[in-house]
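Since the structure comes first, as structure tokens, the remarks are kept for the end.
The chains carry the letters A, B and C, assigned in the order they are written, with residues numbered from 1 in each.
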Amino acid sequence: MLLYGLKRVLTLAPVFLAMSAVVFLIVHLVPGDPIDHMLQIGASPERRAELVARYGLDRPLPLQYLTWLVRVVSGDLGEAIILKRPVAQLIAANLPYSVALGGLALLFSTVVGATLGALAAYFADTAFDRAAMATILFGSTVPNFWLGLLMILIFAVQLGWFPVSGARSWDAVVLPVLTIGLGGVALIARVTRAALIDAWRQDFVTLLHAKGLSRRAIFARHLLRHALAPVVTILGLKIGWVLGGAVTIEYVFARPGLGSLLITSLAQRDYPVVQGCLLMLGVGVLIGTLLGDLAQAALDPRLRERLA
Amino acid sequence: MALLDVRDLSIELGRVQPLDAVRFTVDRGQTLGLVGESGSGKSLTAMTLMGLLPTLRGRVRSGAILFDGRDLARLPDTEYRGLRGRRIALVMQNPMTSLDPMQTVGAQIDEAARLHLGLDADGARRRSVETMERLRIPSASAMHGRYPHQLSGGMRQRIVIAMALAGDPDLIIADEPTTALDVTVQAQIVQLLSELVATRDLALLLITHDMGVVAQACDRVAVLYAGRIAESGPVADIFSAPRHPYTRALIDCIPREGQPRGTLVGIAGQVPGLVSYPPGCRFAPRCPRAGADCAAVRPPLTALGTAQVACLHPLDAPQRGETRDG
Amino acid sequence: MSRVHPLLRAAATPLGGPAAVYLVALIAAALLAPWIAPYPYDAQNLAEAALPPSTAHWLGTDEFGRDLFSRILYGARISLGVAVSSMMASVAIGLVVGAVAGYAGGWLDRGLMAGVDLTWSFPEILIALVMIAILGPGLGSTAVAITIGYLAQFARLSRAQIAALKGELYVEATVALGASHAHVLFAHLVPNALTPVLVAGMLAAGDAIVLEATLGYFGLGAQPPLPSWGAMMSSGVAQMFIAPWVIVFPGVAIALTVVAINLYGDALIDALQIRNRLRER
């Protein structure tokens, strides 16, 4: 199991390098002198010289990348142009909010989605099944920022149950989690339902029947495990979606977090912050993918022997 | 009284009737071979006897399934469940797909024991390992914790048999238990099953398309063609003197030692599809002995010597001194 | 097998029918917007700001007094236009990249797919934001962002189709007859792989519309006064308390469009019977 984990980390390493290279190149691809994208307008020549020295900006590109990478790994993500604070500090301050939001949303999606999907599968082809899946279909196709706005409109403005924005109280996280979560519920419910219905058709289910197990026992004791694997797979694949959702929803609800930080700094052209945020989000996606793969291998014994 | 007495069983699947007035019996300590080509309705028979026809959206149309005197044909599922695994057990064809890939093989055997005998985890494990040893599974204790994909086909089928035995059943229905296995392993499994019948006084319904297996392992045989019994009776008698032309043809298909090249025999034509059964005798279109009356009326199962035959023009009984190869 | 064209057959289903009708109406409305819109999309009239729906303004007005219905009609042009054109570019590029990778095999295959897979693991919105970071905000950047963001799935799908077809006998035969690899690939294999990729592209167009709207909402897409459906909602947040319809209606438009695309697309997949070919995404 451990060996499998190490193998997976090794496969993801090149992806990390490629992603970080792309992030690194952003300041170089934007028209203009890269140094200008890292400094405030009208910065002193001494400041410029300092930056050139620190990042080796007079050296060939691959070397610059390496210098940057080494600094990043040791915790130096540069300095924000507008706020004049170290980017790492800004990210550290905002990260917990994003992690909380993302984590809770993931939990919500998984629990509610899997339950709904399992029920839909158990009662497959009944009115309940069709109604549930139709509602889910509709709920998943709407843009999530619109869903968030509607949530605010109904639950915060009209009913006043929750705060409209910010993160000043614990209940400010409810509507954001619900918004991101509902999008995920659809996906997970669909996958769970499909996996269970698929498993139900397998030969071994006939034998389980022949053993004398009831439909409920077969479902609960055997099939759910079979659905777990595809659900974990889809979670691992779509982990990026949670992060993407978090980015959008933080902005909608004006919550602190990597997402709002990213969007505002994009609008302000504060490239060091943009790079830092994109890098962190990218790493988050990779970690999520890795965890998903490990969970999958833990569940399905057949995967452990395969490479990747 | 026979343990299992199937009387004129007809089933319905959608708009077709895959089994039509099927009749046979199985006794304790005995093996009945149910033989037929693909499409004859063999597997459906197994499913029907296990009461699993509703899962295929089928139902029993008429007839009776007497098990130990009790008619199972119209038994509600909740009561049937009490029988499954406990008194009637099923061994399926493909051990690759009939075991749950996500559970250890041991746990799957344990589950049956715990369900039917109320054993606790340790007791069930001990019993499972014992059974596995008796089925000659090497390093049974270690095997107990392995997953199906780590075992060979033959081993997996032994696990399936162990699972079937876990509830201490009286009747085992084996649906083509050796078809998916290597030839060398087939013989082992067949022998295993025969031993079990003898030592545990089990009744075994062995469903197969292989007459060779029937000759090896069965006491009696029932030949199924297109959903109807063509002939049934003791194996020795049926093999030496088949009365139904189809049975004769099946026996002729078995390759014999020393057979000259190019003389393998088949049966001309194909088994009729479910929706296109011919009127009258269903074998008539392929039968070398068919007469004009064969297409008009369904031949009834009548006793002929030690056998039951459904044919209007059965093969003659052999004269004294005559043998099949003569 | 019916000889009716699959597109029509899909429209004949209970769910696909209304969806198709809606989509046709939407496209017509988008194309005819300059002629059928009651007001210009940028006509401000502060005297009529933030009005609820009425006979004069069917869907109300926004904070600048602009007619919402007209803006939504024009918004259809922008949102659909950007989504569809980006999708077409994405499908075209993905199709070719995947086809070359699938046909060539070996290091070319691995190299191309490594590049493609890089975007595969990351959500489209992040990729889009990276593109915006490089290119700056605007409709053009949005189009590029969408094109690159969805490339991976078309490339993978195309590669799977081509790799499967590559082993067919007729390919060997054609090559043996002296045809160049390029000819075999583009004249024979790609047309066969086209259908699933096109249908996948159609379904992705729905996601693309949402992505464009999201970027517009962030203020990073179409710049004011252009009425992309997303950008309309961005300026409407401040009005949410007094003029919620400014947010609700554009969102309804997006939701209906995406649902219609999904329903019709699903019916089309059934009509073309390519459900299993689409699984290698």
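One rule holds in what follows: a residue touches a chain if its C-beta (ideal position, glycine included) is under 8 Å from a C-beta of that chain, and two chains touch if they have at least 3 such contacts.
What you see is a predicted model; the values in this text were computed from it and never measured.
Participant: What's the overlap between the neighbours of chain B and those of chain C?
Facilitator: A
Participant: In terms of CA centroid distance, which chain is the most far removed from chain A?
Facilitator: B
Participant: Rounded to a whole Å, what is the gap between the Cα centroids of chain A and chain B?
Facilitator: 54
Participant: How many angstrom lie between the centres of chain A and chain C, each centre taken as the mean Cα position?
Facilitator: About 23 Å separates the centre of chain A from that of chain C.
Participant: Which residues does chain A have that touch at least 2 chains other than itself?
Facilitator: Residues: none.
Participant: Hey, what residues on chain B touch two or more of the other chains?
Facilitator: Residues of chain B never touch two or more of the other chains.
Participant: In their complex, what parts of chain B are in touch with chain A?
Facilitator: Residue positions touching the partner: 47, 50, 52, 55, 81-86, 89-90, 92, 94, 97-103, 111-112, 115-116, 147, 149, 160, 163, 167.
Participant: Over in the complex, which chain C residues touch chain A? Could you list them?
Facilitator: 114, 117-118, 121-126, 129-130, 132-134, 136-137, 206, 210, 213-214, 217-220, 230, 233, 237, 240-241, 244, 247-248, 250-251, 254-255, 258-259, 262
Participant: Any idea which chain A residues touch chain B in the complex?
Facilitator: Within the complex, chain A touches chain B at residues 202-204, 206-214, 221-222, 225-226, 229, 299-302.
Participant: Taking the complex as given, what residues does chain A use to touch chain C?
Facilitator: Residues 14-15, 18-19, 22-23, 26, 29-30, 137-138, 141-146, 149-150, 152-153, 157, 240-241, 243-244, 247-248, 251-252, 262-263, 266-267, 271, 274, 278, 281-282, 285-286, 289 of chain A touch chain C in their complex.
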